[in-house]
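Letters A, B, C and D mark the chains in the order given here, with residues in each chain numbered from 1 onward.
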Amino acid sequence: MAKHKFRELRRSYGFDEVAIVPGDITINPDQTNIDFKVEDFTFSTPILASAMDAVTDVNMAILLSKRGGLGVLNLEGVQTRYDNPQEVLAEIARASDAEVTTLLQKVYSAPIKEKLIGERIQAIKKGGAVCAVSVTPANTKRFAPITAEAKADIFVVQSTVTTAKHISKSYRGLIFPELHKSIPMPVIVGNCVSYSACLEIMRTGISAVLVGVGPGAACTTRQVLGVGVPQVTATMDCTAARDEYQRESGRYVPIITDGGFRNGGDLCKAFVAGADAVMIGSIFAQAKEAPGLGYHWGMSHPHPALPRGTRIKVGTTGTLEQILFGPTSVTDGSQNLVGALRTALGVCGARNIREMHKVEVVIAPAITTEGKSWQMSQASP
Amino acid sequence: MAKHKFRELRRSYGFDEVAIVPGDITINPDQTNIDFKVEDFTFSTPILASAMDAVTDVNMAILLSKRGGLGVLNLEGVQTRYDNPQEVLAEIARASDAEVTTLLQKVYSAPIKEKLIGERIQAIKKGGAVCAVSVTPANTKRFAPITAEAKADIFVVQSTVTTAKHISKSYRGLIFPELHKSIPMPVIVGNCVSYSACLEIMRTGISAVLVGVGPGAACTTRQVLGVGVPQVTATMDCTAARDEYQRESGRYVPIITDGGFRNGGDLCKAFVAGADAVMIGSIFAQAKEAPGLGYHWGMSHPHPALPRGTRIKVGTTGTLEQILFGPTSVTDGSQNLVGALRTALGVCGARNIREMHKVEVVIAPAITTEGKSWQMSQASP
Amino acid sequence: MAKHKFRELRRSYGFDEVAIVPGDITINPDQTNIDFKVEDFTFSTPILASAMDAVTDVNMAILLSKRGGLGVLNLEGVQTRYDNPQEVLAEIARASDAEVTTLLQKVYSAPIKEKLIGERIQAIKKGGAVCAVSVTPANTKRFAPITAEAKADIFVVQSTVTTAKHISKSYRGLIFPELHKSIPMPVIVGNCVSYSACLEIMRTGISAVLVGVGPGAACTTRQVLGVGVPQVTATMDCTAARDEYQRESGRYVPIITDGGFRNGGDLCKAFVAGADAVMIGSIFAQAKEAPGLGYHWGMSHPHPALPRGTRIKVGTTGTLEQILFGPTSVTDGSQNLVGALRTALGVCGARNIREMHKVEVVIAPAITTEGKSWQMSQASP
Amino acid sequence: MAKHKFRELRRSYGFDEVAIVPGDITINPDQTNIDFKVEDFTFSTPILASAMDAVTDVNMAILLSKRGGLGVLNLEGVQTRYDNPQEVLAEIARASDAEVTTLLQKVYSAPIKEKLIGERIQAIKKGGAVCAVSVTPANTKRFAPITAEAKADIFVVQSTVTTAKHISKSYRGLIFPELHKSIPMPVIVGNCVSYSACLEIMRTGISAVLVGVGPGAACTTRQVLGVGVPQVTATMDCTAARDEYQRESGRYVPIITDGGFRNGGDLCKAFVAGADAVMIGSIFAQAKEAPGLGYHWGMSHPHPALPRGTRIKVGTTGTLEQILFGPTSVTDGSQNLVGALRTALGVCGARNIREMHKVEVVIAPAITTEGKSWQMSQASP
């Protein structure tokens, strides 16, 4: 029988499948530095809030900025389609599971009002916060000038998958070097997951990259399209591109791992995988101050013909302050994320995020298979 | 102690275990071409409906053909055993789980009426559809002439495992080159899962190959016989045979991945694994127009002595139109399969199916272990 | 930091993790030969019934022998401790889960009556059956002469782990070459799971080897001791020892895979892994004729200080005839085992068991992760 | 496209994923020697009880010492914060799941009373037991002299992760060689999980090392911090450090695997992985004599800002005597641990713990996937 070479597949890893190996020295958490920089901005909390309607509104953006982080306002969501978005958000929270997808499709078919874009940006600025806003590639040329005029600080171009080159009949693909020159602020682009796509995006001159396709709690891209790379591997590959790009250009373009976090452990793993910052959705949707009122849904969920998401009930578990800095009485790692990160740096002997990138991570069975299965295995006797 | 070489086993992969890596460029979905060709037939929708009684009857074959796909009518099921198959199908739908296997064994022990073969084919042709019919190897010599006379368009020879050579005492094994010469239409043969078996079948001159043993939702072949190869590996191995056969013969024999699909993501993965088209059972059984009335069962389920299947309740979730093209309000990927496929080509930067074959796929944990487990892990607090 | 070589672990496989790859030719099941030979005995059904009290009594041994298989009577169970074992078996079946372990410990503390050994053997012989009996190594010297005198046909020495050499203060270890010379019948020894232990046992001159530590449904050896090797790997390693021993001695010592079977698929996989026959417990305990009355428990369950087993309710699903040869209306593969085996040989193109040993097996995800999860993934919409 | 080397990750293993391969010879359990030595102390039972408040109090330390093992009293728990710790323990047992974390945070905010340190140690010594006590690194300099004065026998320095060098602003890091010289008793240090960290600790001259980060039943370190290595790999890596250190220094520093044990099987696997002794929490918390009254919680659970643990209900299943030596009527391996260990040595042909270190272990699917899934797979018919 004829022989052939089988197609070899590479193994990829998500948060559940890895564990961080502690270091040979330890450092007191208060001695660690977790600063995150994008161009001239420095954030003392390396955590962004997702550009999702259940997570970031004007108020959350201000609150998070005050605590050293960065909220990103979605310019294509309810905040720019409705003068009074709270009403709409309350309606979404009240809808039953059976009717919510149809409702979301209707809510997001209302037109975007350009005047609201300026108003929201100014409200954030007035709150004393760094203002970051997000648009999809197709709307970038239209909204970028409005955004610049309203004096936003950081411009995010984001869709499920964004590449340096897009082929389309209906509109001329977005040229990032042109965009970059046309607006006077840092541009963050995403999402991507592979080494080569990330490298190509960095070569367009943008300021930071969002990493993650398909991992979020409210996202069903992997079910619907089969597309996605688990976050640990995606982050490792894109940080390899960051390091290669720094070798060729001398410029360090930070990586922001976006999506799929359920607790401080996941967050710490992203940093060990190479992230400079993380972008969080579901966990922030649990905050008392979150606009989602205890619910969360993805921004590709309302797609009119091919929805890719679910509305999930996340509940309201604590204040933004508690989620970021504690104190907490929950023991599942969903609060005091900054405390967890500093403690992890401490037990790994990492003085800062760059040193955290060099810490070892091993493939490990999900924690449910050891220890935690106690109650199950002991239930019967 | 004596040393010995351990027998090494190769790892195989199913849909759940892989994910598609997006590309370095992206393409608008409306710029993609997903045509599928078998000899002189071109289908604008590269999707076949299974030759199963809960999936394809005359009506479904006509409806699917009008939408660019191809339904395959089983010539050994209720359609050719009963003048009025609807009655029988209704009886199966009404049966309890406890009695259904015995009922199916009885239903399928009724003799096949040769005159019904011609009638069903003509009804499909009268509906303006491309007519494909399926028989098992043992009945091929008997039914092929009737089929040809009734002017069916495509002849499918299908059983759990079909090979180029079958050893039997009771009948002379089917010789595909002879069959191929004796009937004036393309012959599709299946199922197979390995490189060498697929290559041998292609060398007999047939027109396309069905790939898949044991993966279907209504099939228990792997439990009963232990036989089967997960679909991603099976498709990759058989497409390797296709490429090898093209090198040796210059002829391109398309691969149709058959069975195991639960959503658009699975379907997209099959194409990345190398499929030219897919054959779908369970998802089509969910169509309002499906003959199974919300149920589905495998064609080896009614085996008199060794049943290998289960009747499953799939429910009725939408029209065939919605399943193929949307719009949809379900978010689990079981509708708008064509939209999902075009979108996946788009984010992978593939202009057509052949370019989709070159896209990277990685081994990834099942989506339930990341993100989607949110509700579970958050249930208690 | 100093480098070190990590200790490498070998991966082992159980039935759930592999699947059989169909062949390049196929054979009609009625053309296959599945004979199993031990010395001068030939069995047309290569299946043994376990030496467990819920599985084999005099009646089952006779019934199975008539159908071409072989039942093994445990000489240290209730059959030789009680004149009327049915009463005891009924009491075990009636006991609650809470009290059953204590009851079993009491039941098995009754002394073995030597006269009953002869009576049981003679009853089996009177039924026209081949008579096989099983004892533990510690009792072998005492019971072997009685067994020989009663004219049993095959002598089985079996414990959780049996090796060619045992170190003990309380009794002189069993010397198999001596045993072999002292009794005029084939000796089967088990259980073992590794290449080297199996090779050592074969070199003592015994007639066949039982393979399997820890896999059985009623066995908790892996929980209690951590000891055990999954059956596919255990069978492959021991059959490698069989082939090595044949090279060095010219003698072919058959391998009997013992334990862990839940359906025909598992059984077929054991043969592809190299087994010449299989020994079945739980599935036979489901027979109408089984002495366990719908229950099953392991023979190390009643250990006075360290019980290693559970009583499980297996139910009564059909006659021994149906379990072996069908016809059946269950679709989970637990009946018509011989039909399943012949069909598997057929689709693999294997004319006999020796050819089945050369068939390819791949590592595959458990069937629950593909196809079969339909109901779960579709439950909500 | 540019190529890059992907970051490779090493696979690690927990108890659930491995199985012990039996040996080529077997030994009667009563012929095995399982002694464990730390400096001049020899323990006939190589099992320590965790320094956790639900596990070890004065009474348990005395009882365990009489049975050949060693209980370690936590000097920073309720025993040294409260004159009457029983009251506090009863209150914890009565608290609801919702309020217990807050209660624990309050209970552990009471100050440690230095006079109670001496009293507890003297009570243990008065009971005729070897007295081991545990403190965290930050309190070591303060409590070590008190401990020495009270004539404790063994001093344990333990925290989630302890390294040979700790960087802190608030206190001068603990210097183990200095500590070692300053107190006249063996010093055991932990926990660590990696080769290099373990080697560094051994080089400080300490007497034994505790291995394990994140595995315990009552510990959520892996969720909260992402940090931890499964116990089989952690033990193998640290025992490799032990062997390397012995090569360079001639001194043998025993490894104590600490945490994650649910049954005798897990315990036996730790010894095969290289452990000289094990430290047990949850299983001892099930003893009738345990101070936790059927509950168990981790010592980092009460952390004021970042709790990393859960209180679990373990129940009360038997006496300490039964848990260690049987007899038992449970079949899940949670009792007669010493019997299980001796039996495992027996079937592996190991005369003592050092020989057990050389026994082969294979990667194996969790036992739930084979055999034990019987009830589940058979539930429906």
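The criterion applied here is as follows: a contact is a pair of C-beta atoms (placed from the backbone, for glycine too) under 8 Å apart; a residue touches a chain by one contact, two chains touch by 3 or more.
Here the structure is a predicted model, which means the values were calculated and not measured.
Colleague: Looking only at residue numbers at the chain C/chain D interface, is the share used by both copies over half or under half? Answer same or different.
Modeller: Different; most numbers are used by only one of chain C and chain D.
Colleague: How big is the rotation relating chain B to chain C when the fit is done on Cα atoms? Please round to the nearest 5 degrees.
Modeller: Rounded to 5 degrees, the superposing rotation is 90 degrees.
Colleague: Please compute the C-alpha centroid of chain A, do the same for chain D, then give the distance between them in whole Å.
Modeller: Spacing between the chain centres: roughly 38 Å.
Colleague: With chain centres taken as the means of their Cα atoms, state the distance from chain B to chain D in Å.
Modeller: Averaging C-alpha atoms per chain gives centres 54 Å apart.
Colleague: Would you give the residues of chain A that are in contact with at least 2 other chains, written as numbers and ranges?
Modeller: Correct list: 1, 10, 13, 15, 24, 196, 330, 332.
Colleague: Can you check the complex and tell me which residues of chain A touch chain B?
Modeller: Listed in rising order, the residues are 1-2, 4-7, 9-17, 101-102, 105, 160-170, 192-194, 196-197, 200, 213-217, 219-220, 222-231, 233, 259-260, 262, 282, 301, 304-310, 312-315, 317, 330, 332, 334, 366.
Colleague: Would you tell me which residues of chain B are touching chain A in their complex?
Modeller: 10, 13, 15, 18-28, 30-31, 195-196, 199, 236-237, 240-241, 244, 263-269, 272, 326-333, 336, 339-340, 343-344, 347-349, 360-365, 367, 369-375, 377-378, 381
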